[in-house]
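Two complexes are shown next, each including chain A; its partner changes from chain B in the first to chain C in the second.
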Partner chain A sequence: MLSPVARKFRKTSLSVLASYFVLFPAADYLAQRIHPAGTKLWLLAGVPLLPLLIVFVLMGYYLRDEKDEYKRDLMVRCLLWGTGAGVLANLFFGYMRVFGWKGQLFPFTEFFVFMLAVLAAKFSYRAADRVPADE
Partner chain B sequence: MFCEWQSTAAKRYQRTMLVDMLSYVLILYGVEAFVRRHHPVGTELYALAALPSIPIIAVLVAVGIYLRDEKDEYQRDLMVKCMLWGTAGVLALTTFLSFLHSFGWAGSAPPFTEFVTFWLLVAAAKGYYKLTNRPEREDEVA
Partner chain C sequence: MNNRLRVLRAENGWSQADLADRLEVSRQSVNAIETGKYDPSLPLAFKLAKLFGKRIEEIFEDDV
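Up next, the complex of A and B:
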């Protein structure tokens, strides 16, 4: 069962993420039309980042306000698994480039690695911590 | 600062970090020298790029073991908070760079920018918490 704080976090973050699906296509459309460079390009790239930053802040509030220590600990663990995986992916491709690799990663690779690791950790904890039906 | 009391888990963590970092430097120089001499490609290059990641994996494992073994909840909480600040900063940075690429930026950040940013943010958060959590002097309280 979701705690009230978790419900609030889910509801707010989903509505914030919905704005991402408006801001990103809009920024992308503008970028394709006006081909910005320099400061304009940097500012435009900052626009779709805003909802994600708000979600990070909401996550911080959730971690602060969640009363259930077990759930908070679980969330933190999943986030740390995500951090580990993201950092490793980033380092590995950093070394590849240092050692002469000319390829380029897909945009958002580290972000997807982070999210996948968080989800994998969440499911593995859910599977491992399940209470047997007869208890 | 140097007389700060440290738990057994923290001492073990610092020792492991030191060993990991030393082996990281040795492996990195070894691999770099090898790459410059032999110019490997394909699978060999992938395998060599993975080698310096091993001490970094060991560092991440050391952090995990520290978080598991640290009895002082406050210290554990502080470490987690600092790492989450680092995570948020790095995710924001990588996402921003990805948007720049999507919108036509041809440049690229120097290698390890994200990793260095992560540890800088962790250190900044640690410094900030150390400053703000200092107990007030008795005369200030009175």
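Up next, the complex of A and C:
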């Protein structure tokens, strides 16, 4: 069962993430129209990042406010798995390029790797920590 | 770390959910502590000790 803090985090972060599906197409549309360069390009590329940035901040608040230390510990472990997998994917494809690979990655590959690793860790912990019927 | 949580809980006639309510944590947490998958922080250990009227070392013992 979710704690009140976890429920609040889930609700707020899902609402914030929903805005990504407006901001990204809008930024993409604008980029196709004005072909930005220099500072404008940097700023436009930062626009779709805003919801993700806010979700990371919300995650920080969740970790600060969650009273159930075991759940907090599980969340930190899941985030570490995600971060580790994301960094490794980034490095792996970096080395591929250094060693002459000319291919192109699917956009946001590292982010998807991060999310998949977080979810995989979450489900693994959930399966391993299955709570038996109460006595 | 070994602990006597299950025994103490049974002596008080509490379910895991009862203990979780008293500690303001999830039943998942109580189960993880009881089965030794998770060692509680010092504040939570003190809370447990106070709840059972015992000293921390009467509930938890080092398994070394």
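Following the convention adopted for this analysis, the second predicted complex is superposed on the first by the 131 of 135 C-alpha atoms of A that agree within 3 Å, B and C clash if a C-alpha of one lies under 4 Å from a C-alpha of the other, contacts with A are read in each partner's own complex, and residues count from 1 in each chain.
To be clear about the criterion, a residue touches a chain if its C-beta (ideal position, glycine included) is under 8 Å from a C-beta of that chain, and two chains touch if they have at least 3 such contacts.
Note that this is a predicted model, so its numbers are computed, not measured.
K.L.:
With the two complexes superposed on chain A, say which partner A:Ser15 touches: chain B (first), chain C (second), both, or neither.
P.N.:
So A:Ser15 meets neither chain B nor chain C here.
K.L.:
Does the superposition put A:Gly82 against chain B (first), chain C (second), both, or neither?
P.N.:
A:Gly82 contacts chain B only, not chain C.
K.L.:
Please work out whether A:Arg97 is in contact with chain B alone, chain C alone, both, or neither, and reply first, second, both or neither.
P.N.:
Only chain B; A:Arg97 stays clear of chain C.
K.L.:
Could you let me know whether more residues of chain A are touched by chain B or by chain C?
P.N.:
B
K.L.:
Can you list the residues of chain A that touch chain B in one structure and chain C in the other?
P.N.:
Touching chain B and chain C on chain A: no residues.
K.L.:
What residues of chain C sit close enough to touch chain A in their complex?
P.N.:
10, 15-17, 24-29, 31-33, 37-38, 40-41, 44
K.L.:
Contact residues on chain A for chain C in the complex?
P.N.:
Residues of chain A touching chain C: 1, 3, 67-71, 73, 129, 131-132, 134-135.
K.L.:
Quick one: in the complex, what on chain B touches chain A?
P.N.:
31-32, 35, 39-40, 45-46, 48-50, 52-53, 56-57, 60, 63-64, 67, 80, 83-84, 86-88, 90-92, 94-96, 98-105, 108, 111-112, 114-115, 118
K.L.:
Residues of chain A touching chain B in their complex?
P.N.:
On the chain A side, the touching residues are 27-28, 31, 35-36, 41-42, 44-46, 48-49, 52-53, 56, 59-60, 63, 76, 79-80, 82-84, 86-88, 90-101, 104, 107-111, 114.
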